[in-house]
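Per-chain numbering from 1; labels A, B, C and D assigned in written order.
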Amino acid sequence: MTMQFKIYKEPELKDPYMVTGLPGVGYVAKLSADYLIKELKAELFEEFYSSSFPPYVLIKKDGTVELLKNELYYWKDDKLKNDLIIFTGNTQAISPEGQYEISNEVLNRAEKFKVKKLFATAAYVTGRHVEKPKVYGVATEQELVEELKKYEVLPMDAGSISGTNGLLFGLAKLRKIQSICLLSETPGYMTPSGRVLTDVKSAQALLEVLSKMLDIKIDMKPLEKEAKMAEEFVQKMEELERRWAEEMRRSVTPPPKDIYI
Amino acid sequence: MTMQFKIYKEPELKDPYMVTGLPGVGYVAKLSADYLIKELKAELFEEFYSSSFPPYVLIKKDGTVELLKNELYYWKDDKLKNDLIIFTGNTQAISPEGQYEISNEVLNRAEKFKVKKLFATAAYVTGRHVEKPKVYGVATEQELVEELKKYEVLPMDAGSISGTNGLLFGLAKLRKIQSICLLSETPGYMTPSGRVLTDVKSAQALLEVLSKMLDIKIDMKPLEKEAKMAEEFVQKMEELERRWAEEMRRSVTPPPKDIYI
Amino acid sequence: MTMQFKIYKEPELKDPYMVTGLPGVGYVAKLSADYLIKELKAELFEEFYSSSFPPYVLIKKDGTVELLKNELYYWKDDKLKNDLIIFTGNTQAISPEGQYEISNEVLNRAEKFKVKKLFATAAYVTGRHVEKPKVYGVATEQELVEELKKYEVLPMDAGSISGTNGLLFGLAKLRKIQSICLLSETPGYMTPSGRVLTDVKSAQALLEVLSKMLDIKIDMKPLEKEAKMAEEFVQKMEELERRWAEEMRRSVTPPPKDIYI
Amino acid sequence: MTMQFKIYKEPELKDPYMVTGLPGVGYVAKLSADYLIKELKAELFEEFYSSSFPPYVLIKKDGTVELLKNELYYWKDDKLKNDLIIFTGNTQAISPEGQYEISNEVLNRAEKFKVKKLFATAAYVTGRHVEKPKVYGVATEQELVEELKKYEVLPMDAGSISGTNGLLFGLAKLRKIQSICLLSETPGYMTPSGRVLTDVKSAQALLEVLSKMLDIKIDMKPLEKEAKMAEEFVQKMEELERRWAEEMRRSVTPPPKDIYI
């Protein structure tokens, strides 16, 4: 595995917290991290490129290309208490080894900036639609589990958290970084072509808790608007994707045809 | 592949034996190792973390996180004959390469502590329920195969032993470490959601032989109680898992949608 | 991953452009690169061999063996303006990591030869037959997107480009190499045995645009003849492959039979 | 990937040829190499162990363990013309990368011992039973293709040869080692449990050609006897395997159950 790091800035940060959120089911974690970045006008300071990312590039609206990458943003706290580092990206490593390696790179940064607490975000797939998604929490220490109750975060007592979102949270413990993982309910519905819908409502529930824990104020209105737009968009998409799925079935790259072994 | 080693203690051991048991079918090997640790009050002295482990973390009953890891315990023999090292963990490397590498790390420790004999534990999947599971044995040398007969261990003459449990045993031979692998019968039944049941009876049969070979006394009563509890638990789990399986089918992470190739 | 490089020549090149085209759906990219090499009589100067290529060798018409490899050709511009490097091969790396690594090796060459612009070729899978395939374009910079319009290349505003063809184009951006990716429509039809047909018409449409952008003249006649021959060949192949497919179903290599776990 | 080499002897060899044959469809290549070793009483001089081999160990008839390994044997030519190196083993690397790496290790030995010609063996899967299997040949050079005709080896003009058997042959070309690959027809039939039958007749046809090319005399009688025994054994096995297959379907190791993502 090879990684490339593109450093734009070396910020000086005061007792920073770290929030992490990569794309996963319902894009709950990714939406939460993105919304924080947008509302706080957080600044990009480093990008990761890795050969463990999926082997493709994205096409942007303006016709230019976007590489798959993970990103680190920072925000200076107005109240001079706890600055913020936000880790997100447009992809996750596809191999387990890549997910471990990237988690460790992020935690190297957490140690370097002396992060006081790490807040990982994730989705809690329930398989059913809910009016008001509940937020669950797990922590690296018993003391933090108690603290979660103050924010009406529901405790968990079994299961597993997978992917980079879960590893980042868990591996923090090995480095003695206090860490909390917030998981927000999402149905995990898929479109007919196998795409999981973006769940803005779930991200909203998560952000309400997270903003209280970080003691920052963010305007939830734009997210609500986005939630509505997302739902309309999703309906249009579904129709398009149903047609695509039909066509794609005939166009998968074939395996090499070996006849002598 | 990257590994991290967390060393808690550097014990001094006298002519130690080593017992190994990682999770596999029926959790036979893992249960055996765990029970030994509990009954002997063996002490943890090193943990392994590896990027070849599955990419997730576990949630404990108290709401805190548990990382996937492999562990080494030691026990000082009261009779001052053979101290004991026990290797276990809550996971196995998922890639074949990872399984080879971790086996070699364990054997590095075996060499360092001058282990006199290695006892690997494993399951013998039969596909049918038996009243009293039989214990089979294989060894690195003909002489040890003969010794097995004294303990009423049944010989084997074909087949293969897979996973880290098998590799540890086999690779010991390359290092000229005397090694025995005990395999205990287990049906290998699965719940409707694809989970293999914990087979306490199979572990019990294995432990009866193993304790004689190690010349240590362990109380089998708590294991019998555990066997009964496990069976009740398993029945409850099955019902829950049947429902989960239903829901999970809709929530698998989708592959990226590539439309231009 | 290990790579081997076989260097035949170290050409001196004047302000070179680079064209890349590896096998993919419809062999559109590969056909385009091959035709350029043939018509320009470009000269081979380096070959790549990699352990990330598929593990087999090809048999040539004359009964000798052909290794899987990627290749670099050069062509000296008669008009002394922009020499040309062409990257192609008879395979692609199968692992994502291999695709990233090979793309980076090619871009190392691009930097070494101070490539002025990189033109990646790719297929745009539509799932339907078209009389005259359209050519789409994406670029690393907004300025280049504008330039594409002069050549009647259609813009894109969403989606992804996968495989080495897409990575080469995207990773060029990280090195600040101006890069354009041309995608030509192809139905992506498969024969009954799962083989995608060679789409000469699609390559022809791509080459018409590409030759204008490179400001070189190539005779399209032989390609037209080839297009016709390809279609006849394909019909014969289909019948043969249908029969093969039948036979192959019984001959896949079996997994190892593990009975003790 | 890590490899271990166990060297038993450093033979001095005169203008040696090399024969390679690893397990594949019908065990044609492996049977051929094994029979040569047995009849010539060739001597083991090096073993390879690799983390790219499958992660299990084998149980021998005498109840001891056998590791997966690849092996090099040598034989001193009575006629003092061409000594022989034979490469075989009880497994093949499972990853493509492992297959490339091991092929290169073998070719390092071929270069070290100044091998004059390499003869790779392989199976030609036809999907149908034949009375007298035909032997096909491919070579690294046109000159060698012509030579094959003298031995009534049929030429090939298309297709691919996969696995280490094919790679060894093809990669020899990169090192300028003259190499021939002999492929013997085999139906590739499988037992109901997915095991491919050992095809002694196919190996016999291959050995008849190979022994002429190597100019050595080997007694084919024991192989004929073995062929008959193999057929009886295979019939018994099929019945047993049918029953095993039934039981195994219920006992596959389950994937980890992840519920939060």
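The rule is simple: a contact is a pair of C-beta atoms (placed from the backbone, for glycine too) under 8 Å apart; a residue touches a chain by one contact, two chains touch by 3 or more.
Given the structure is predicted, the values throughout are model-derived calculations rather than measurements.
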Interface residue identity across copies subunit A, subunit B - same or different by half: different
Rotational angle, Cα trace of subunit A fitted to subunit C, multiple of 5°: 90
Most distant chain from subunit A by Cα centroid: D
Centre-to-centre distance between subunit B and subunit A (centres being mean Cα positions), rounded to whole Å: 35
Averaged-CA centre spacing for the pair subunit C and subunit B, given as whole angstrom: 49
Interface hub residues of subunit C, defined as touching at least two other chains: 24-25, 54, 56, 125, 156, 159-163, 166, 188, 248, 251, 253, 256-261
Residue ranges of subunit B touching subunit A (in the complex, touch as defined): 1-2, 4, 6, 49-67, 94-95, 246-248, 250-251, 253-261
Subunit A contact footprint on subunit C (complex, rising order): 24-25, 54, 56, 96-97, 99-101, 104, 125-128, 137-142, 145, 148, 155-164, 166-167, 169-171, 173-174, 179, 181, 187-190, 193-196, 241, 244, 248, 251, 253
